[in-house]
Amino acid sequence: MNLDRPETRKRLAGETRPVIEAQSVSLTFQTADGPVHALKDVNLTINEGDFVSFIGPSGCGKTTFLRSIAALETATGGQLSVNGMSPDQARLSRAYGYVFQAPGLYPWRTISGNISLPLEIMGFDKADRRARIERVLELVDLDGFGGKYPWQLSGGMQQRASIARALAFDADILLMDEPFGALDEIVRDKLNEALLDLWRKTGKTIGFVTHSIPEAVYLSTKIVVMSPRPGRITNIIESPLPPERPLEIRDTPEFIALAHEVREGLREGHGDG
Amino acid sequence: MNLDRPETRKRLAGETRPVIEAQSVSLTFQTADGPVHALKDVNLTINEGDFVSFIGPSGCGKTTFLRSIAALETATGGQLSVNGMSPDQARLSRAYGYVFQAPGLYPWRTISGNISLPLEIMGFDKADRRARIERVLELVDLDGFGGKYPWQLSGGMQQRASIARALAFDADILLMDEPFGALDEIVRDKLNEALLDLWRKTGKTIGFVTHSIPEAVYLSTKIVVMSPRPGRITNIIESPLPPERPLEIRDTPEFIALAHEVREGLREGHGDG
Amino acid sequence: ADDLTLQLKWVTQAQFAGYYVARDKGFYDEEDLNVTIKPGGPDIAPTQVLAGGGADVTVEWMPAALAAREKGLPLVNIAQPYKSSGMMLTCLKESGISDPQTDFAGKTLGVWFAGNEYPFLSWMNTLGLSTEGGEDGVTVLKQGFNVDPLLQKQAACISTMTYNEYGQILDAGLTPDDLVTFKYEDQGVATLEDGLYTLEQNLDDPEMVDKLARFVRASMKGWKYAEEHPEEAAEIVLDNDETGAQTIEHQTRMMSEVAKLTAGSDGTLDEADYQRTVETLLAGGSDPVISKEPEGAWTHAITDKALN
Amino acid sequence: MAELAPTRPARRNWRIAGVDRYVPVAVVLLVILMIWYLGAIGMNAQWVRDQAARADETMSALEFTKRTLTLDRPVLPAPHQVALGLWDGIAGQKITSKRSLVYHGWVTLSATLAGFAIGSLAGILLAIGIVHNRAMDQSVMPWAVASQTVPILAIAPMVIVVFASAGITGLMPKAVIAAWLSFFPVLVGMVKGLRTPDAMQLDLMRSWSASASQVFWRLRLPSSMPYLFTSLKVAVAAALVGTIVGELPAGATSGLGARLLSGSYYGQTVQIWSALFAAAALAAILVMIIGMIERTTLHRMGLAR
Amino acid sequence: MNGVAWQIFRRELRPTLLVAPFLIFAAIMTPALTPIVLVWLGAWTLNIALTSLDLPFSRVLTPIIFGATILLLWEMACRIFEIPPVILPPPSRIAVSFTQNTSILWTDFVQTILKGALTGWMIGATAAIVTAVAIDRSPFLQRGLLPIGNFVAALPIVGIAPILVMWFGFDWQSKAAVVVVMVFFPILVNMVAGLAATDAMQRDQMATWAAPYWQSLWKLRMPAAMPFLFNGLKITSTLALIGAIVAEFFGSPTKGMGFRISTAVGRLDLPLVWAEILVAAIAGSLFYGIVALIEKKVTFWHPSQRK
């Protein structure tokens, strides 16, 4: 694997190709109480190497949009393409790593076993598996914990293991649905730094759902603000921050201004609680 | 009920009496792997009308301390008194409202029924119950949802209902264990404002556990920073912020400085992830 | 050797001693037969086993066999080792019963079902008693597996066989003086008990007929041997009892009682007995056991061939 | 006001391990034994009194009590009589003897195990079908429930006759009845177990584009294990009941069911109770063995903590 | 059929297509089997099509079609292979016997199911619930009673039945007693587990409100126990019928389903036997269904009932 891919630089130079393209995507759930318009007329292009955060009040369709990209839901209208394919073709070609809000580790497998699972399914050979497990464990700062069972680890460690699992098979697209929601601030800071580092090194394309404005601002190259009923994009904010971001950047005026902008954007779409 | 109690003013004038007093409180759990020192030598006085936040890394004993105050745990050492009584006597005299991290609503009761439950147990009559339910539902912005069942509401609404339940019987002491952990930032802001408002109006004494530094700073008159293994208090920071706190106060230099102080205090006690 | 399967009406006990003796003493071997004996049980209907092809010959009571014949299962009696009926009603003296004609009304009587109720129903019919309970009728209790209803005084009388249940009552500690018995034989409603039955179509097959004849011959030899050697017969029965619940005392007594019932028979069905049985059954009143005179329900072909 | 609810389950600090497990059981057992003895005296009294009246005897209370507890055919045998019967049946006979409870227990056990194996397998296979096939899900379940409402003892003789007519006797018909009773708990438990993986875990598998068989072997099956074992425990007890039911109509053959029946037939209550306790002990042992397998399996899987 | 349904149909049909060649092979080897195989494949395909369409009534229709198919196959097998009716009567004869014997069947139903099973079930359930509440307060009793309860629950009822008939007489009371013994422990075990099934937080809440014992029992533990209780009630609803019928084999008055079955077998009246079995199955399913319905009403809040 090439840990120093030049996508980040390319992206900044405007040379990147679009990876995810949504054209007036809609998704309506048919429920007993009538249709729920989870997504309506969503237009968005995500380029290779982008780090895109989705933020918005509960129920605005963040999860639904991420799931549609991963072909876990099927859009009921519009065009959605991933690497020029349909999301389902992309899924079958194993283009994604997906991280859910809860760690979702398998209790009957050790941490290594959990990371190994998608690799087994995708048919990696044993030596390769072992090498990859070692690498990602190190990446998320869990070396030495491979032999433990999930319940022997703290919540934060479990969440890191689940991220490691999604990284292990090196999909080019990483989709993360509030991966750090349950963690305390300090741990969260650490993982934010680590994720940013990983992204910079690998040039992966990342879709990231969060509820935290500072987190979105700190991580992203592009912040997508959404609003509910029907779920839609109200604002796309490009970040002027440089790719190198020490934690202290959060005390800079640029950062605070950006956070303020996002908060205002959010408050607009936030009619009720 | 007296909605305009003058405790806040009194407190500022230093005229208030201590409500909760902990003198070198210790609590050790006997587990299969040996004793766990959840609390060690904790000294703290909380005065009437104080809003005290507890912050610290996971496992530092925040929950345990709150539970000890509410007589849900029994301290194994030291002196703990509430209103001059033992915590258990205070519990029997129904001195507390306790809000747990998860909503913990009873699924077989409607929202109104849930709020009504402690009132029934405490023997409030029917008309009084109805009036109180209406009032607290309004307070947490849930009017109109009284007839719904918990699972028909979003997580945020459930959490608000659980706060309403703790408020309904007007205990003088409100203990809240990460009540807003699961909510998105905007909702959290709203509830923070509402809680602050309630506190200012009623002069209740509030103990509040949180993981969020801005939240702790925004809400409290006193911030208690704790540190684990053994669980102890490392820092008690008195807030110089005025009781009237618009949300914008968070962009003021005083606020940022205070937040920085708390973060530093926190990082000290934070060895690992 | 030719294979042949015999289905018994009840569990392994001296009631069927003849067959076990014939097997263990080698009488079947002498006839070049390889006989499998299948014990019955409370819920095994031997006629059903025969219909299902699970056995070639069965030991059955004539009322049940004739009823099955009317139901369309062509059973034929090929031999009748039991000459007389051993069934009786045993009552507690303290219940105040001395004359069936007058004393049964209003009482509870224990009766065996599963095909054994026919003689009782006929009897009650001749007595003019309803079996639906009430003041003028008798309350019928489906008797289970044992004599408890009498010992527990749940019933005034229960069905017993001279050779079995009666002895159990005595074993339990009651004396003959505490009891009153009514033999069906004495009440004129006796029906033929343990006979050998096979399906009609078997008799069209000469080879089968020959086999059956040899079987009957050996079986009767077994019976006569058992009558003369009750202790040895009881021993043999005991050896064949898989449950291990039987005792030698009980089986010896059963054998000597059974010998009284088989005594008058060389295996040939007595037409007069047959006729009396049919008449008793036909006299079933509103709900007779059989509705018309059976035809071809018995044959002497086998016994004639076997014994001459 | 009434007593207050405890704030937490009472934590007892009995030092010796196991004391808080065995002492209550022992105490309850003791109480049951006492009630049993009293019951035996009470229920057998009538008979002793009648016998005494018939023999014109009078006797002391002690003698009277002694007699009620030593009857040959008691209405309710005293515990020590049952214990003696059990001891005699287990240790007092050669294992191959027809009077040995070990022999009869073995007969019952072998049919139970065969039926249990057939039943569990059928239950698991059906559950797999139901979980993977919507048509099966909708059509099989109501009929599976209906199948359990059929009075098994009523069809047991017919099953035996039908099998006999096909030339199959001995263990098989009993095993089929045992299987009939034991497939249902396994079916219900496994359907539930195979459906425990939550949406997230299934979505993960989907995002890795795992095949149906990979999802089954790596997700559904392992997550169903706790359910499987729980239902296997129920099923093995049901299989034992099925076997005994299958042994009843067959009458004079071997097995604990036949022992029960012949005991009942000859009014030998001690024999009934001994067979009954032997059967219950057999069930308890089988359940315990499955519990042990459960513990080691779940431990190996890392599911037991 | 729209596209989605067609896709589901194709996917669901796949296992059937795997089995079909074997069935067809069997039909070729034994030509008599041909109509049976054809009917089976046809009905099954129809069912798969129905479920794929997912119409509102297909949930009701599929099990009916499935059952009707089995009955049809049964009838065909009886006729094609000329199975003697004293071994296995065809459904048509059972139906005839059912209509001819309605009054007998009704008497037996009242005797065995209403008097024996239902009474026993209610007494047993009530006793179990009361006992559960009683021992819920005593961890000592729970630890002592439950292991023994599990042992007693493992006692084969067929063994208890003759004893209880000896004790309680031959009428329905002894049947009810058998049912009581059968249902008591499963319900007790479930109810005790249910009463303990509150989570720590809910108990802590009660503590912070200083709720007295009865309040926390009525308002927390009882409702929380309901899903468990109904689990026990459902299991025992079918057990109760079996128990009542089985007990009749050990002595009964001259009515009742168990009595009729054993008597009718002795008389080779197999259609009547099967009519009784049919009544038992219908009554059992109905009983189960009613309990499940009440469960739905009472535990409407439980995740398994929501959907």
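Residue numbering begins at 1 within each chain, and the chains themselves are lettered A, B, C, D and E in the order written.
Everything below uses one rule, namely that contacts are C-beta pairs under 8 Å (C-beta built on N, C-alpha and C of every residue); 3 or more make two chains touch, one makes a residue touch a chain.
These are the chains along with the protein names UniProt gives them: A, B = NitT/TauT family transport system ATP-binding protein; D, E = NitT/TauT family transport system permease protein.
Remember, predicted model here, so these are calculated numbers, not experimental data.
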{"item": "Remotest chain, chain B as reference, centres from CA atoms", "value": "C"}
{"item": "Chain pair with the most C-beta contacts", "value": "D-E"}
{"item": "Averaged-CA centre spacing for the pair chain C and chain B, given as whole angstrom", "value": "86"}
{"item": "Distance from chain B to chain A - Cα centre to Cα centre, in angstrom", "value": "33"}
{"item": "Rounded Å distance between chain C and chain E, as computed from the means of their C-alpha atoms", "value": "39"}
{"item": "Distance from chain E to chain A - Cα centre to Cα centre, in angstrom", "value": "49"}
{"item": "Where chain D touches two or more other chains, by residue", "value": "4, 7-8, 75, 153, 157-158, 161-162, 165, 248, 264"}
{"item": "Sites on chain E at which at least two other chains make contact", "value": "87, 162, 166, 204, 206-207, 210-212, 249-250, 262, 265"}
{"item": "Chain B, residues touching no fewer than two other chains", "value": "71-72, 92"}
{"item": "Chain E to chain C touching residues, read off their complex", "value": "84-87, 162, 165-166, 169-170, 248-254, 259, 262-263, 265-269"}
{"item": "Touching residues on chain D, where the partner in the complex is chain E", "value": "1-5, 7-10, 12, 20-21, 23-29, 32, 43, 75-76, 129, 132-135, 137-143, 145-146, 148-155, 157-158, 161-162, 165, 237, 240-241, 244-245, 248, 257, 260, 264, 269, 272, 275-276, 279-280, 283-284, 287"}
{"item": "In the complex, chain D residues that touch chain A", "value": "198, 200-201, 203-210, 214, 218-219, 222-223, 225, 301-303, 305"}
{"item": "Footprint of chain D on chain E - complex, ascending", "value": "8, 12, 15, 44, 47-48, 50-52, 58-59, 62-63, 65-67, 70, 87-88, 139-145, 147-148, 150-160, 162-163, 166-167, 200, 203-204, 206-207, 210-214, 216, 238, 241-242, 245-246, 249-250, 257-258, 261-262, 265, 273, 276-277, 280-281, 283-285, 287-288"}
{"item": "In the complex with chain B, residue positions of chain E that touch it", "value": "199, 201-202, 204-212, 215, 219-220, 223, 226, 299-303, 306"}
